Amino acid sequence: MREQQFDVVIIGGGPAGLAAAVSASQGVERVLVIERDRELGGILQQCIHNGFGLHRFKEELTGPGYAARYIKMVEERSNITVMLDTMVLSVSEDKTVIGVNPTDGIFKVSAKAIIFAMGCRERTRGAIRTPGTRPAGVLTAGAAQRMVNMEGYLPGEKVVILGSGDIGLIMARRMSLEGTHVEAVLEIMPYSNGLTRNVVQCLNDYDIPLHLGHTILKIHGKHRITGVTCAKVDETMKPIPGTEFYLECDCLLLSVGLIPENELSREMGIQMDNLTSGPVVDQLRQTNIPGFFAAGNVVHVHDLVDFVSEEGEIAGKYATYYANHTLGAVEKVISVKTADGVRTSVPQIVRLYQDDSQPVRLYMRVAKPERKVTLAIMNGEQVVLEKKLAVAKPGEMIVVDVPGDKLKTCGDKITVLLKR
Amino acid sequence: MKKTRKTDIVIVGGGIVGTAIARELAKYELDIILVEQQPDLAMGTTKANSAIMHAGYDAPEGSLKAKLNVRGNELYRQLKDELDLELAVTGSLVVAVNQAEMDTLVELKRRGKNNGVPGLEILSREEVLVREPSLSPDILGALYAPTGGMLWPFTAAFAFAENAVRNGVKVITECAVTGIEVVGGKTVGVHTSRGFIEADYVINAAGVHSDEVSRMAGDESFTIKPRKGEYILFDKSVKDLVKTIIFPTPSKISKGILLSQTVHGNVFIGPNAIDTNEKDDVSTTSMGMEEIIVGAKRLVPSLPLSAAITQFTGVRAVADSGDFIIRASSGSKGLIQAAGIQSPGLTAAPAIAEMIAVILKEEGLTLKPKIDFKPANPRRVVFSHMDHEARQALIAKNPLHGRIICRCETVTEGEIVDAIHRPCGARSVDGIKRRLRPGAGRCQGGFCGPRVTAILARELNIPVTAVRKDTADSYMFYDKIPGSSEVKTDA
Amino acid sequence: MEEKRRVSCIVCPLSCEGEVVIDSGAVKAVSGFSCPRGEAYAREEVTAPKRMLTTTVRIKGGQLPLLPVVSSNTLPKDKVTACARFLANLEVNAPVKEGDVIVPNIFGLGVDIVASRNLKAV
């Protein structure tokens, strides 16, 4: 088997992997990015809509446009090797990666540091257990997006969308612009998880009804889908008898959640966080196994690609410190817990290194929509930091910088919570 | 395209029974045509069952079910290597939760012994919990049957079919039987959607539709009462939940809601048993799923519902007589019934095939063994089972094995292409899923679906819009809608 | 005739829900927004709403069959679908560079449709 040595190996060539590669290339000699698709860019290549990069580039770019910026940076750096059309088969604790592609066959690379940047996959009909038949025409919104925007085919002409997160909303508009008829978007929660801008520009603009507090009870159709039975749900998300109605359609798109793609991490025994479904990471994005880092949607599902790039940059930078043995000694470990309305927080651990007093950026999500709350970071009874939030939504990540000197005086646990 | 054909035997139905019969009869100097109404084989009850090779203690003594279950179990274990079957003889447990059920276990053991089932023993509560720690602490004991096992029905059906074709059998799909021609009380042929097939012998292996087929020849001696059973399948990450096959103590109508792994390591639960009038209704229902979840949780309280990846329904062909109907038809000479094949049908299939050969002989057909019968098929390449050296050699010969299409189950483009071009090859997305696994894993086709569709289009030389998911009209994708070229000028 | 329209502001995450009173196409009153940017957005949204357009055109001889395109500026909201349907029939030839003008001044609206990415010829 062909064996090669690299300093930093990055699994995934999407926005997280690309940012990590650019960042890592500044600190070590040999960086490798392994990407399973035929080109770099990851999911961005099928996200042809705009709205990306407002924070990072102060411009609103399309997905491919944002990807192109980073791809250019990677191509300009001679010490980044890219392997396309390549699947990673396994990652071992000795920092070797086994991959495969048609040209090289099976090969092994060894690294000083490895970064997981595999992104996430979509939750399926099978995972939400929607009853009914299993006809053609039922697919996840992302798979439909790839077919419509990159392969050039339609999944149907009369569409119902389940889930009002941004992917569902974006596809509602996309299918309308493709000349199909979008019957309705159904959302089980009493609110949409997507940006208001998308509800306005993807649904209202096209007169597509949004049924909040609704779900699909049954999928009909023997060969292709012919319709769905829908119903209103109560606060416990159980269908309310008597509220059923039928929507005729030949296509059902599911936008019911994203799941970080951590099979490789799990196989290695990396410690996972059940709430994020991603690895437990510290502020350097290092996992519980030294030398293994993670960034992007594989850690927790993001809503802004700008933060994905930021995470990639952090992971890339500190992977090079690790590779160069310049991380230093850990002075203190602080675990970050969530409570009272805050659902998830990344990083879940802060490892304070000697002579490092940089602020730590926490990325958090609330459990449900809130108005006029205060996000508080507590060290026991003591307030470390407070931030007033006029509005907080589960679909919009909250970012807070905790000063390094404040962390030095904390105990071994801080808690992020909401004060109402 | 309709045309007239002539053959010795027509086998109606391409499920596990029809394909097993085809392979058995392919050993003889006979012209055989197998017709299947769906676009692929194994799309009926063979597609949605518990994938279990039963030991044979459950079937009533002296019944065909009992005799053919035990013989079929033996045959599969013999055929495993020859036909490269996916079979894991893990043993099975029938669990008792109260004294009445413990008494039933004793009866099952006795019955099993009489049926010829080897190695049955009753285990104590402690012995059972050591083997299966996830079982409810309320259990009292279990009947252990070492010859029970997990059998993947698709590898078996496709292995039978492919071997039959390699030995001269013709398989015609999308060919529905519309009538049986009977002259002077004798079968002379079969009318199908693709033309008339002249034949003196017709074997009815038409699953839930076997009573309708029988009636076409004037034989109304049985009725099929369809019975629905739903299943929920779980992610491989929870495969250690149960290590063997766990049955509850059976009731009069059903073996009950069981928990098992498949040969691939997916735990599943089911089936329930709901009598229905709709032979082709394979929809899952919320009540049905609730029923199997409650049933399964009684045995394994920690069932991790969040790890569910798919659900499906199978319809069993229950004959009103309660036993298999394997006999020469009294209505029309030359019509042989292999009907009412509910559980333990999958297990019994190769034994049913043996019995059909015997009946044909009794009915006057000469069965001359083929000298050049080829008992094996070329081995399947299973990338996920190979070590890196073997994989490297494989890719060197065919670079398409270097492209992983199914990330969840590690299936290569080379395997997919091979599965399309083998005899009785895949022609649909689900056809690939049944033969190889893409679409059966945790992403449920989210990643591999578009890629498998493109490969099918390329290999079958059809447009992407002609690729089907499964059934005749299950087209996956449409062409984009042409735009309007009119340039609107502003008023 | 006076008309009241509800507008959800999209300028910042506060997503204020306000109201604009409009009479014969002229804005009479604006209420419910917490900042001038929101008010300005609401006014435009009600009198002359504008949107960006992103869609695909077909491309011949390229590494992919579709080229994603984006409008160089916002378009009048009521022309967006017509533009998209017009572009659906268009086929361009590879290679294409990000920023190449695919359709200059679409429908005379003063907005170009440009390529969102490079696509090499194969």
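Brief remarks on what is shown
Order of writing sets the chain letters: A, B and C. Residues in each chain are counted from 1.
We take it that contacts are C-beta pairs under 8 Å (C-beta built on N, C-alpha and C of every residue); 3 or more make two chains touch, one makes a residue touch a chain.
Treat the numbers as computed from the prediction; the structure is a model and nothing was measured.
Using mean Cα coordinates as chain centres, the one most removed from subunit C is B. Relative to the whole-protein C-alpha centroid, the nearest chain centroid is that of A. Of the two interfaces, A-C and B-C, the higher number of touching C-beta pairs belongs to A-C.
Put simply, the C-alpha centre of subunit A and that of subunit B have 39 angstrom between them. Each chain gets one centre point, the mean of its Cα atoms, and the points for subunit A and subunit C are 27 Å apart. Our note on geometry: subunit B versus subunit C, Cα centroid distance of 53 Å, whole angstroms. Contacts with at least two other chains are made by residues 480-481, 483 of subunit B.
Looking at subunit C, residues 84-85, 88 sit in touch with two or more other chains. Counting only residues that touch two or more partner chains, subunit A has 148, 151-152, 178-179. Across the complex, subunit C is touched by residues 38-39, 45, 48-50, 60, 62, 64-65, 67-68, 148-152, 176-179, 195-197, 199-201, 205, 390-391, 393, 396 of subunit A. Contact residues on subunit C toward subunit A in their complex (touch as defined above): 8-10, 13-15, 51-56, 58, 63-66, 68, 70, 77, 80-81, 84-85, 88, 98, 116-118.
Residues of subunit A that touch subunit B in their complex: 1, 36, 85, 87, 89, 98, 100-106, 121-122, 124-127, 129, 131-137, 139-140, 142-143, 146-148, 151-157, 178-180, 217-220, 222-224, 263, 266. Remark: subunit B residues 480-490 touch subunit C in the complex. Of all the residues in subunit B, the ones that touch subunit A in their complex are 232-233, 237, 280, 282-286, 288-289, 306, 308-312, 388-389, 391-392, 395-396, 399-400, 402-404, 407-408, 410, 442-447, 449-450, 454, 464-465, 468-481, 483.
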